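You will see chain A twice below: alongside chain B first, and alongside chain C after that.
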Partner chain A sequence: MGTDRGSQPESPLTDGAEPDAKPLLRIQALHTQFETKQGTVRAVDGLSLDLYEGEVLGLVGESGCGKTMTALSIMGLLPGNGQAVAGEINFEGKNLLQCSSEEMKKIRGGKIAMVFQEPMTALTPTMTIGRQISEAMEIHLDLSREEARERALELLEHVGIPSPRARFDNYIHQFSGGMRQRVMIAIAFSCQPRLLLADEPTTALDVTVQAQILDLIKQLAQEAGMTALFITHDMGIVAGSCDRVAVMYAGRMVEIGPVDDVLLNPRHPYTQGLLGSVPSLDSRPGDRLFSISGLPPDLASLPTGCKFWPRCPLADDRCREEEPMLEQYGESQAACWKVMPLHTN
Partner chain B sequence: MFLYTVRRLAALAPIMVVVMLITFTLGYYGPIDPVRAVLGEEWEDEARYAEVKKALGLDRPFVIQFLDYMGAMFGGNWGQSLSSFGGVASDRAVSEGRGAGFSGTSTGVREMVVGRLGITAQLSFWALVFLATFAILLGVLAAVKQNTAIDYTIVTSSIIASSIPAYVIGPVLLIVFVLKIPVFKTVGGWDGMFSRQAILPAIVLAFGPMLVIVRQTRAGIVEVLGKDFVRTARAKGMPERLVVARHMLRTAMIPVLTSMGLITSGLLTGSLFVEQIFNIPGIGKLAIQTLLSGDHAVFMGVVLFQSLIIVTVNLLTDLLYGGLDPRVTYS
Partner chain C sequence: MDEQPLLSVRDLVKHFRMPRRSILRPADVVRAVDGVSFDIWRGKTLGLVGESGCGKTTTGRTILQLMRATSGSVQFGGTELCQLSDKELRPIRSGMQIIFQDPYASLDPRMTIGKAIAEPLMIHKLSQSRDEARERVQELMERVGLNPYFINRYPHEFSGGQRQRIGIARALAVDPDFVVLDEPVSSLDVSIQAQILNLLQDLQDEMELTYLFIAHDLRVVRHISDRIAVMYLGLIVELAQGVEIYDAPLHPYTQALLSAVPWTDPRLARKHQRIILEGEVSSAVDPPSGCRFHPRCPIAEERCQVESPELREVQPEHWVACHLA
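For the complex of A and B:
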């Protein structure tokens, strides 16, 4: 939508992630669960993921597949009774799941920043936008109130808010959706974090504004050499902005690889389904868009075997009984028993 | 906002006229006969009765009397207390007549009411300070520690504190802190707002409305706890203390402000029980005294002034909403 899927990912944030490099963030066998009356909801179920310094990774999947819960597990901000019950999230030599709340406060906003989906509700209505940007800098960068204000004014200018001095003391109800998201971005970048988690940053915005906001995030991240995790369900964003893409289904990873490879040669039937549901330049008016039949599984009672089999056109007995693990196919990995031989290179 | 304030102030006049009409009508048709009150034992003398009644202007038609009263009130002359007529009340009433209030004698109704209100206001101030700090703090604590022993303890003790009527808790506190453990020397009375005597009555005054403030603060904070903007504030790494103070409190305080406005009106119109129990010469005690003694003009002045307080506090509350919530505009 924001960027045309037909165009090649010509300018990913940094040129070529280095898979040999040490990962900045390493998630290992993360299990995030919610206890509910219906039973244990496995929002993230054994996810492992490496994020390399300077790369932009797209995390895609349907609503409720655990993308946002993965990001909130990293931040230690799981809602309600959600808890990361097993696994590790290693960042700068620390397992974030074991960090004290004091340590996490230093990391949140300071080292890892998050841009949220809902610019309408994600900013405090009773506080000036200037203060919302500057207050975190007073904490993390140890700036005085005056210095933080000056930096906030620069940031406002940088994210494209006209006349920042006049806008500093405004409240969010005086801003449009796109402007609010710019403020949100200014907050996220204010303390120069090493990792940016962007949770569907453009989903709630007008189509015309989406591209602008996306370009802004890309530009700022590139300037700062920042590593980013882009949570989205928009394959166009993945194609235009990411280096690698990870596809999630029912709380686990089903496919991961370089964007070109995954988009051109999707191995997993779920990825193929996701890509098939994007209109292409070749489709004619009146053509029906492909859609994956059925609904995502109930996370409180998952099927045995491959979690995708109830919706998979290729499923057989093995799929129903044995759960496939991620296997290497060319540059990418996929968890499926049915990967076509032509994909195995 | 300036225009809004001016308009609201202008609207006070018709409201006050209506209140005056009601109090005056009640006074006019009510059981208290001011002439009889002035005359005391002499009232059976019919000639004397008619003389005093004429001197006081009470023989004129209702409408004329009301207009006269209203004009005098707006002119700042709220009339004269019966007590100011002294031992020979009826003589002075005859000689000074209706204009008595103008002569600036020390017991004009206005001076009386305003003086008494000053004392009630000082006492109310402490009760409000107690509510605005202690009760709000408890509410915030209960919300942050939601569904824990701390929460239950705070809510339960607030329920208890607010359920015991002032006429029970007042004497109990007097017995405990004056007689048993003599923290305070005197039983009551008034010696300025910074004296020790102000402490106990202020606490008793605050106890009643405490539950409302604790519960509303708690509910307000609980409501914003799960909001996206609170998550954003935490995602910035803000200490929890600042998340509450900067991001939650103002939003949560909007319903509390409404209650604080009503409570302020209630406190400023004087507590009959508390002022009576602690022997504080406030406006509540004045209301009882004048009601019992049939001091008609003073009682009407008190009622009128209390209405004025209520409408003024309402206006102030409405103006304060804008201070709390930037989305509120006045037009």
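For the complex of A and C:
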């Protein structure tokens, strides 16, 4: 199917991502590992990914597939025993993995911002929310206290916090779940970042609030011409909010392409399984869901060959021995020996 | 549907009194469930949906008499439960079970899963001997897709999906007729969600189980339910056959909820005009006058602020509480 991406007014964020555009962020052969008693856990295992200026890329997969660790590697926020041992993350001509912690501090919250799943753990409970927003701007944008306060009030209003002046001196526990997420979004957008990393930003929220928050992020990103990486386990959020989607399994990419192509015409059996697991509007109540059997692999002792073979209904000897690389199929790429180039135009 | 329902709930009310904040003011009362009525027939599933705080969990627990109702009636297999003493309820309890959202929190970390599954058998004296109980536990484990070999392991040795299977085995140990499923798959990965949903459907078919399925994910609820009830601030605002409610929702709240469902088809995602509701759910301590949804309703009229709409049957088997539907 030919998706004419430039002329889709309904999906405002689809312009930006020209195939020949320069990537804003380029991840090359990233390996992030954790040393544990059970051995070396390969959380990210040779991931390469380009994020183009102005696009929204969805990063999907089950828990433990390496989505969050990819984001934390970009931010330089890996937990204690974790380390990006090989590869490069290039952003604006700099390899972030080579940056000093001082340089990373400047980039975090400045050029690259992150929105987390649980605002309660990401925000400081003992500081007023007004202070938390203005502090970031004083540091990164070099504003005076007064200027920062004024801008913080504007931001709170912009993200939809009712009576921002009254709420400015409130603490985070005085807000509801949706309002907390709005505060975190205000902080993330406060320093006009070029890249936004959103890690399951709406997982803990009710559906109507989830829709409000996704629309808010989309609108703000569009206004600012921002590039965004949306980490989610929900293909529905990808369908509604992203331009491209990358599917991760066992720390590596197994499929990537434009949202329409991957979601309507998935090549990798893992992507097919993820999509089949979610009830769709066409399915008749009572139908059995297509589920993926078994569990994701132990990242400390990965299988040989394709990492998905123990759960794959199509696996044969070759899959068990040789690891497939990403190959081009139509507009998308998939890493699977079993993909028939039938579906492609 | 002329046959008697297995469960009949009428005008169920559950209020919670909050601690007093001042001796000069009466204590606040949270009207968690404020007059809910519905029936569930044997072997069928009623889906109960709504946002956090709408009272769906309280409804489930009050039906099971885990909390006693403030007023109203719950008839289970012809017996009125609300009037019974705890002692009188005991023999009936084995017929009604609950499966919780968080399999991590609902299992005792120091009890082997074999003991955890056998516990209800012991309490209800359904096994004559330990050997018999052990045999029954192994049979149940196999039935829910757990290897009986792991009978002496502890909950922390299992994944989230496996722990939910343990919760299911435990609930089914006493051979219940009716099971309340309170967000049973919402903390699981989608692939595991699908495995558990398939298992719940198979078990329902085999054991003729009746389900009250409480969830906030409308994709999951559509998949598993025969009929669906939508709750808002302690009241049911719409009740109909599952497919019908999705095809032609009548209440503005149901319409907004459904428009926000993230379907995985990108064509649908673009076509659907989202109805974005203003503001947040009002407080259940001091619910709005008239229709409780009116402060957020895009089509509310003057009448909606004053008169509370009754739940009425506007089409055969399709009930809605809205003046304008």
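Here is the rule we go by: the second predicted complex is superposed on the first by the 329 of 345 C-alpha atoms of A that agree within 3 Å, B and C clash if a C-alpha of one lies under 4 Å from a C-alpha of the other, contacts with A are read in each partner's own complex, and residues count from 1 in each chain.
Rule of thumb we're sticking to: a contact is a pair of C-beta atoms (placed from the backbone, for glycine too) under 8 Å apart; a residue touches a chain by one contact, two chains touch by 3 or more.
No experiment lies behind these values; they were computed from the predicted model shown.
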Three-chain arrangement built on chain A, chain B and chain C clash or fit: fit
First (chain B), second (chain C), both or neither touched by A:Arg108: first
Partner with the higher number of touched chain A residues, chain C or chain B: C
Contacts of A:Pro125 with chain B and chain C, given as first, second, both or neither: first
Angle at the Cα centre of chain A, taken between the Cα centres of chain B and chain C once the superposition is applied, in steps of 10 degrees: 80
First (chain B), second (chain C), both or neither touched by A:Ala335: neither
First, second, both or neither for A:Leu295, with chain B first and chain C second: second
Partner chain(s) touched by A:Ala136 [first = chain B, second = chain C, both, neither]: first
Partner chain(s) touched by A:Leu229 [first = chain B, second = chain C, both, neither]: neither
Touching partner for A:Leu264 - first (chain B), second (chain C), both, neither: second
First (chain B), second (chain C), both or neither touched by A:Ser63: second
Smallest separation of CA atoms, chain C relative to chain B, angstrom: 7
Doubly contacted chain A residues - partners chain C and chain B: none
Chain B residues within the chain A interface of the complex: 226-239, 242, 246-247, 250-251, 324-327
Chain A to chain B touching residues, read off their complex: 75, 77, 79-80, 104-110, 113-114, 116, 118, 121-127, 131, 135-136, 139-140, 171, 173, 184, 187
Residues of chain A touching chain C in the complex: 8, 10-11, 62-63, 162, 176-179, 206-212, 215, 233-240, 259-260, 263-264, 273-293, 295
Residues of chain C defined as touching chain A within the complex: 51-52, 159, 161, 189-195, 197-198, 201, 216-220, 222-226, 242-243, 246, 256-257, 259-271, 274, 276-277, 279-280
